[in-house]
Structure formats: C-alpha cells, structure tokens
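In the two complexes that follow, subunit A is the common piece, with subunit B as its partner first and subunit C second.
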Partner chain A sequence: MEQVIVNSLILGMNYALIALGLTLIFAIMNVLNFAHGQMYVLGGFITYYALQVLHLPFVVGLVASVVVLVLVGLLSERLLFRRAIRVSTREESTMLLAAGLALLLESLILLFFGEKQRGMPPIISGVYQVFGVYIPAGRAFVFAIALASLIGFVTFMQFTRPGRALRAIAQDKEVTALQGVNINRYGALGFGLGAGLTGLAGSLLATIFAVNSGLGTAVSIKAFIMVMLGGAGVVSGAIAGAFVLGFLESFGYAYMPGSVTYMLIFAGMIIFLVFRPQGIMGKPWG
Partner chain B sequence: MKLLVNTFRLFLVGFVLLAFGVTTSQAANKVLKIGHIGVMSGPAASWGLINKYAALAGAEIINEDGGFEIGGEKYDIEIVSLDTKQDPRVAIAGAERLVYQEGIKYIIGPNVDDTTRAVLPVFEKAGAFNICYGWHRELFTSPSKNTALGMIAGYQSAPVIYKYLKEQRGVKSLACVPRNDASGLNSRDSCVAAADQLGIKITSSDSTYEPNTSDFFPIMGRIIGQNPDLIVLSGVAPADAPLLIRAARELGYKGLMSTETAMDANIITEIAGEMANGYISVGGASAPELRTDEMKRFIERYSKVAGEWNDEAGTKVYALEMLLQTLRVAGAAAIDDIEIFKAAMPKVNAEDPFIKGGKARLKWVGQGYFDQLRQVSTPMVITEFKDTDFVTLFIGYVE
Partner chain C sequence: MSSYFEARNLDVYYDKVKALSDVSMVLGEGDIVAIIGTNGAGKTTTLRAFTGLTRIATGEIWYQGKRIDQLNPDQIVGLGISMVPEGRHIYPLMNVRDNLLMGAFLRRDKAEVKRDLERMCERFPFLKERMRQQASTLSGGEQQMVAISRALMARPKLLLMDEPSLGLAPKVVREIARSILAINREDKVSVILVEQNSRMALKLSSRAYVLETGRVALEGASEELVNNEDVRRLYLGA
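Entry: the complex of A and B
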C-alpha cells in the first residue's frame, strides 16, 4: 500500500508537469494544443541528443530542451496561431491548425531522430528504501526538480507583473486589453512559456520513461484527461487532475487487472464530466 | 588554352562513358519489384521500418553485386514500401496499391495480426504472396495459402525457453505481463499454455498494460508482490522492454526476466544498462559469434541505410532472401504466377548465408504447426543480455 501511494505521488507530479503547459496555452490563447505531446517528445529527444550523442551534462540538455521549445512555441504563436485567431472566429480553425502542427512535428521528429525508442540511464543511480518502500534516486531527483519547477511557475504567475497579466488575459482578454496590456506580446509569452514547460517535462521524464517519435499522441491524450478532470485553463486544476490520474492509475494497476484500469478511468471521467463538465476547479461560466 | 580544351574533352569523354555505362547497366538487368507494407509511423514505427531497412539493405547488396539471377537472367531488386500506420483500412489501401497499381506479386509485411488479416483477402484475390510478422496460427493454416510467417512465433519459442529455464535455472513459477493488444494477449496465451504443460506455476497473467504506457512502476509493483521466479514480458515491444526491466529492478526484483520476441541491444543498454543483465530473448542471425561475412556485410549496409544497426533486423534479414531463393528455384515464370512459386516452396533448401557453421538451412518450414510449409526457417537463437550485447545460449529450429 505504501509503495502504491509513493508511486501515485511520483506519477502525479510527473503528470502535473505534462499538464501545465497544455492548460496554460488553453487559458491564454483559447487554443487546444494538439501538438502538446509532440512538443513533449521533442523536448525529450533534445535532452537525449545532448546527453547520449554529444555527451554533454544533463543540465545543458535540460536548458537546451526548454530554450528550443520556447522558440518553437513563440514561432508557432507568431507565424501560425496569431493569424488564425485574427482571421477566423471559429475555434475549430485553431484546433485543426494544432492537429496539423502535431503531424508536422511528429514527422520531423521521426525524420531527424529516427524510429527507435531513446532513453538514458537515471541521472542519479541507486534506489532508496524507506520503510519498505522503494524509491529510485532518479525518480526522486525528477520529483524534486518537478516540484521546484511547479513552485517557481506558480510563484511567477502569482507574484510577477507578467504573471498577473497572463492571469488577467486568461480571465478576460478584452477587459485586459482595455487596461493597456499588450495582448499579442503576452499571448506569445504564454505560448512560449507553455511550450517551454512541456519541453522541461519532456527533458526530465525522458530520463525515467524514454521517448520515441510516436509517443506524442498518447501524451496529449493523458494531458487532455488531466486538464478536463481539473478544469480546462485552470493551473491549479491541471495539477489536481494530474494527481487524480496518478492515483487512479497506480491504484488501478495495483489492485485490478491491467486492462480494466483505463476502461474504468475513462468511464469514471465521462460520468464525472456529465455532472461537473467544468472539472474539479473550473468555473461553469468558463 | 590548349590545356583548357583538353580538360573539356576529358570531361566530355568521361561524361559520355558515364552516361553509356549507366544506360548499359540499366538496360542489362530487368527490374523485379518487391513490395513492403508495414507500420512506419506512430508508436510502433520501428517494427515496419526495420523490415523496410532490411529489405533495402538486402536489395542494395544484390544490385551492387550485379543483380539476382532467376532463370538465367539477372534482375535488379526494387523495394516499393508503404506505411500501414497500423490501421487496417490504410493497410488495405496500401495492399491494393502494391498489387494493382505497382503490379507486385511478392510482399514483405505487414507486422501485426490485425493488419495482416486485413490485407490477406486483397493478396488472395490479386494472386500475391506475402511474408508477414503477425503470428496468429489461422493466418498460415488452410484455407489461407498466400501468406507465410517470417519469424519465430511466441508459441514456438515459449515452450523451448521455459523448459530451458526450468531445467537449467530452477524456475518453478512465472508471471506473464502482456501488452493489451492482439499480439500481446496471444503471446500471453502461449505463455500460459507452455507453462501449464511444463508444470510451472503461473502467479499472474491478467496484469496487462496499455500500448503507449510510459510508467511501468504501478504494473510491475503488482507483479513483484507475487514474487515469481520468472517474469515473462509477453509480446513486448523492444521500446517497452527496457522500461519494464528497469521498473522491476528498481522495485527490488532479483529474479529472471524473459520474452519470446527479438530485442535491440542498443535500446536495452541505453535505458536499462546493467539492470538488464540476464534478460533472455529470441534473436536471429545478429549474435556476434554467429555472424558470417555475408551477415557482417548486411549489418554494415543496414547501418548505412538506417543510420545504425538494430539487432531485431537479425530476424528480418531472411524475408527478401527467402522470396528470391524460392523464385530462383521456381524459375522466371513464378515472377508473375505465385502458384508456380508455391509449388516450388518444398524444393528450397540452401545453406543459411547469415549464420556460421553450415547447420542452419534456408527453407520453408511450419508443417507441424500449420499443416503446410508457411514459415521461413529463421533460426531460434535464444540469447541472454550481458553488459551491452546478447550472448547466445542455444539455437533451435522449427520444422
């Protein structure tokens, strides 16, 4: 039981890192970023390349993943989404654009990094045994970095001027614009930040999960589950959704036949959303 | 000025010779198109790409050596490759394109049961023959006549591996951990049947995991709680195996682990490293101590085509070779008529060019399993992972 709880916490923290970027982009831009999983995969591959091919320290790989993904986010916002949002009032336009971007990124990743699963040894080797619970050092390290990143992100959003502007845009874009906030600039910042967080998640989690070019869709699906459970566009909701999914998955796999777990998760999610479509932390009015 | 004119003449002569050479080379050999259809995008992309790269590498070597002789005539081999995206509908469209648009009669692939099932009626109707990597028995038993198994199936290797582990390593209990898809569950059933037959206790067989699972800690936690002597990763994809191994070892499991499928040493080394030592799997002609010079040349060419070597290709090297060897025995008429090809299948019996020792034969087998010769005689090389490579434990053959 103790092992299952620890597994749930570690899994939840990892998932939170994945869900944050998606919910941030949705909150700021109202874009359902279907390319989220592919951005995660790109982040993982960049770290892999830095570590295993160029033999650079992990921190270099981590920074490179974040920087490249921030650039990908900024470019996507500036060249693709900003124009689509400006010229089309239909929300499905950006959704289709995001789906196209996902396919493009997946093909490019396959082209540049190949078809193989790629991974790396744990950043810190060894396994801690605490009260009979096994905690691999590599996972503990990722947990600590993820936790620090979450705290840093929430602090940024709560206590800095750009963070407050991003939250204001998420609440009401028009009113925020009337206050003199440059929506385009902060939209780009939000997209870049969201993509950068996804790159961070890909980089960190590649050290314990590995990556392959086809992983993106599965990552996106899980991220959407978390965001829907927690409440779309709500940062705290994404974190809550991530821990709920982490606990459901760990307990499900521990106490039920494997194939039943995700069936029950999906069934439970449908029932939950029927009664609370705005998710755990979302507001019914948006 | 004279030097300039002479240089220009030299270039001109060189260009004409080159052009003439190319033209004559193209004119000399006919082209034999071989199709390949497999999953080459998405999470299972590596399965189809390995087949494609293996076919391309094999074709390049043949063409470089002047072509493949059938009925006294030389043929250059051209591989036409299409992606199924692991979707039966896409597979059917691809199969139709290969047989009707390209006029191809011999095809390598698909990779899994459902896409293979989907394309069989197309091949049947068009009179085409394929070597596939789905391994459900009904694909190769009558009335299905136009498809053959290109590898060792789990139900063939599982009894052999467990018997060895029972007798040599004292295994008394095992847990099967299958992927929740048709191939994984079929492998699990083979695992359970083989363990039952050998009197090995099964501690778990219902703990499946979904395709695309990235964290195997929860699933392995349950398995390890039952403390089996052996954990069998049934039908595991090469991408998932090192993650499952790593999760098991990090959770304190010290027992044996095995699978019935081919693995890639590089991926295992990268992700699981020393934790994978002792992991038992089924390889092909790739184990270093077994490689002939021809296999070494293939590995070199494969590495050039794909960017790096993949041990799984040691089982995929046989498909193109078997098709061509059978065509050679059947004669040129078989190129357009698979009935002549099928009639010649029992007559194929050549030395395996990829494995040392001369014992391995290149022939069609599977009579005992399918009541007809519908399997390539890929050697069943049982290997154990040690540090960064596979070490051969023993070699078996299917008849």
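Entry: the complex of A and C
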C-alpha cells in the first residue's frame, strides 16, 4: 500500500510536468498540442541516446533533452503555428497542424532511434528505506528533479516579469499587447517552455519506464485527461489533474488486471466531466 | 509644422464592412479631446486604430513627428501611448499589484516603478489594502480605477480612454471624471476620451469630435458643441 502511494507521487510529479506543458501551450496560444506525447518520447530517446550510445553522464542527457525540446517548441511555433493562426481563424486548423506534427515527430523518431523499446539502468543504484517503504534511489532522484522543476516553473510564472506576461496573455491577449508585450515573442516562449517541460518529463521517466517510438499517442491522451480533469489553462488544475491520474493509475495497476484501469479512468472521467465540465480548478474565464 | 497627435483621412474595414471613413483628428499636447457618438459610430474602432490593434486601410497616424500607423501595439505603447480599454479588461485572475505591474511591463527603472505604485495608491486610496487581492473580486468602479492605474504605470504621455464611465454609479463617474482632470493637469498627460456620456465628455474636454456611422459629423470646441442645437438634441437629451 505505502509502496503504491510512493509510486503514485513519483508518477504524479512527472505527469505534472507533462500536463503543465500542455496547459501552458493551450493557455498562451489556444493550441491543443496533439504532438505533446511525441515531444515527450523525443525527450526520452535523446536521454537514452546520450547515456547508452554516447555514454555521457545523465545530467548531459537531461539538459540535451530539454534544450532540443525547447528548440522544437520554438521552431514549431515560429514556422508552423504562428502562420496557421494568422491565416486561419478556425481552431481546427491548429488542431490538424498539431496532429500532423505528431505524425512527423513520430516518423522522425522511428527513423533515428528505431522501433525497439529502450531502457536504461537506474541513474543511481541503491535503495532507501523510509518508514518501512522501499524507494529505489533512482526513483527518488527522478522525483526530486521533477519536484524542483515544478517549483521552479511555478515560481517563474508567479514572480518574474516574463512569467507575469505569460499569465497575462493567457487571460487577455489583446490587452496584454496594449501593455507593451510582444505577443509573438511570448507565444514562442510559451511554446518552447511547454515543449521543454514535456521533454524534461520524458527524459526523467525514460530512466524508470523505458521508452519506445509508439508511446506518444498514449502520453498525449494521458496529458489531455490530466488537463481536462484539472481544468484547461489553469496551472493548479494541471498539477491537481496530474496527481489524480498518477494515483488512479498506480493503484489501478497494483490492484486490478492491467487493461481494466484505463477503462475505468475513462468512464470515471466522462461521468466527472458531465457534472463538472470545467474540471477541478477550472473557472469560467472573464 | 505637425501637430502633437494627428490622424489623417483614416479608412478602416472589418472584412468588407467599412467601419471608419475619412476620419481625421488632431490633438495638441496637454489637451483633452473627446470623441462622442452613439453605439456603432466608430468610437472604439478609432481608438483601436490609434493603438495598432486594428490596421487602417488608408490614411496616416502621426505622433510627435513620427508615423505610427504601421507599428504593432507593443511598439506604440513604447512611444508613450497607453489605453484604458472599454469594459476595463483588467486581469481577473491576477492580484491588483500584478495588474499594475503589467502596465509597467516595458519599464526597467524598478525603483521608480515601485514609487509609481505608491503614487497610484495616493490617487486611489482603496488600492493600498487591495494590492494582494484578486482583481475579479473588486467592484466595477474599483476595477475601472485599476484599469486607469495600470495604463498610468506605463508613464504615458498620451492616454486613450474608452468609455471609462460605462456601467458605473453616478458618484463613481464623478470620481473618475475628477481623476481624468487630475491626470491631465498634474501628470501632464494628454487625453483622448471616448464616451457615451456626452455631457461628461464635453465638460472635461477642450475639443470634441462627433462620430456618426464612421464619419466625423461635427468637430469643434467643446463649449460650442454643448450649445449646438443638434448635439443638444441628439447627444445631451436636452
């Protein structure tokens, strides 16, 4: 039981990074990033490649994953989404574009990294024992980095000038332009940060669960579940949704036959959204 | 010699619908100029054109000897033109302090920004206790004062105000009117005031423009417009 709770927390913490990335891109750009899962997978593979093929230290792999994903985010905003938003007023355009980007990234990943499931040995060996619960050091390490990144991100959003500008854009784009914020530049920043966060999560979780090129869609679906549960575009909602899903998934996998868990999660989510369509923390935005 | 602020022969279209037609306006430094007219006359569109939110099809906009009609909104703010948008449009999910700090987004003089926060509290004393409060919890009048303070935090030289009295109680409207005069006289800010409350607008301004279906129907000194037969009948209900 305690073991499952610990697993839930580790999972929830990393899911929070994924969900925050997705909700940030949605809030800033009004884009549903269907390529989010593929960005996660790319982050995982880059870390795998750095560690297992190039034999670099984990820190290098982690930083490489984040940097590459930030660049992927910036480039997709600059070259694809900004243009689509400018020439089309229909939201489907960016959704289709994101779906296309997902296919592109998935194909590229398959091309470069192959179709095999790739794992790696724990970053740190050893096991901690806390209150009778066994926590592998590698998992504790992943948890700590995810927690630090989460705190760092929330601090950035809450207390810095660019963070404030991103929050402002999420609430009112036009009025934020009237305060002197370059909306294009900050849209790119939001997209880069969102992609970087999911790349970070991909890098961290690849050291625990391994990664394969087909994983992206499943991760995207999980990310959307978290954001919908928590409330789209709300930071606290993304974190809440991530931990809810982390717990449901860990407990489900521990006590139920494998395929039942997500069936129940989906059913539960549908019922939940019927009664509270704006999610846990969602508010009708004024 | 060019004027402090001048719009020449503006045409604006929304898709194929013409919203402004041959609109020209002039504002001298330190003046308060009013734009009055009914709903849909083009008042807001005029201000949107001035701030770069809406692109003009033809015409020119000049500010301090510089042509600004091809600039983006954030560049225009940087030149010293700020806007108080219609319906206030404060950030509802931010606290009051962050709302005001957004107004100072382009400023790098942190110490001065801090002093300006205090000066806003002197002008609108309720701000002081509400700094950490979420802006959506404020009353309509308070939100309007936050919107005005946010615009002032940029230290503008020209302030565009879109319907600052809309939906407010008479007592609050008088307070807003007083603060517009104070901003103009004490802070030396020129003001373009868009109002449906024509009586208030004509009282505060030295010159005024009357817009009708996207055109300037009348212009002149506010004192004279107050006594104009048509203006009295159509806009002052007298």
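Please note the rule applied: the second predicted complex is superposed on the first by the 278 of 286 C-alpha atoms of A that agree within 3 Å, B and C clash if a C-alpha of one lies under 4 Å from a C-alpha of the other, contacts with A are read in each partner's own complex, and residues count from 1 in each chain.
Note that contacts are C-beta pairs under 8 Å (C-beta built on N, C-alpha and C of every residue); 3 or more make two chains touch, one makes a residue touch a chain.
Predicted model only: the values in this text are computed from it and were never measured.
Colleague: Quick one: is A:Q52 in contact with subunit B, with subunit C, with both, or with neither? Answer first, second, both or neither.
Modeller: first
Colleague: By the touch definition at the top of the document, which applies to A:Q179: first (subunit B), second (subunit C), both, or neither?
Modeller: second
Colleague: With the two complexes superposed on chain A, say which partner A:H36 touches: subunit B (first), subunit C (second), both, or neither.
Modeller: neither
Colleague: Is A:A168 touching the first partner subunit B, the second partner subunit C, both, or neither of them?
Modeller: In the superposition, A:A168 touches subunit C alone.
Colleague: For the three-chain arrangement built by superposition, which of subunit B and subunit C touches the greater number of subunit A residues?
Modeller: On the superposition, B touches more of the residues of subunit A.
Colleague: For A:A210, is the partner it touches subunit B (first), subunit C (second), both, or none of the two (neither)?
Modeller: A:A210 sits against subunit B, while subunit C stays out of touch.
Colleague: Could you list which residues of subunit A make contact with subunit B in one structure and with subunit C in the other?
Modeller: none
Colleague: Give every residue of subunit A touching subunit B within the complex, in rising order.
Modeller: 3-4, 7, 10-11, 14, 52, 106-107, 110, 114-121, 127, 129, 134, 136, 139, 205, 208-210, 212-215, 217-219, 249-250, 252-255, 257-259, 262
Colleague: Could you please specify the touching residues of subunit B with respect to subunit A in the complex?
Modeller: 40-46, 49, 180, 206-212, 214-215, 217-219, 221-222, 238-240, 242-243, 250-252, 264, 266-267, 270-271, 273, 306-308, 310
Colleague: Touching residues of subunit C toward subunit A in the complex: what are they?
Modeller: Going through subunit C, the ones touching subunit A are 51, 53, 72-74, 77-78, 82-83, 85, 89, 91-94, 98, 101-103, 105-106, 136, 150, 154.
Colleague: Name, in rising order, each residue of subunit A that touches subunit C in their complex.
Modeller: Answer in residue numbers: 161, 164-165, 167-168, 171-172, 174-183, 283, 285-286.
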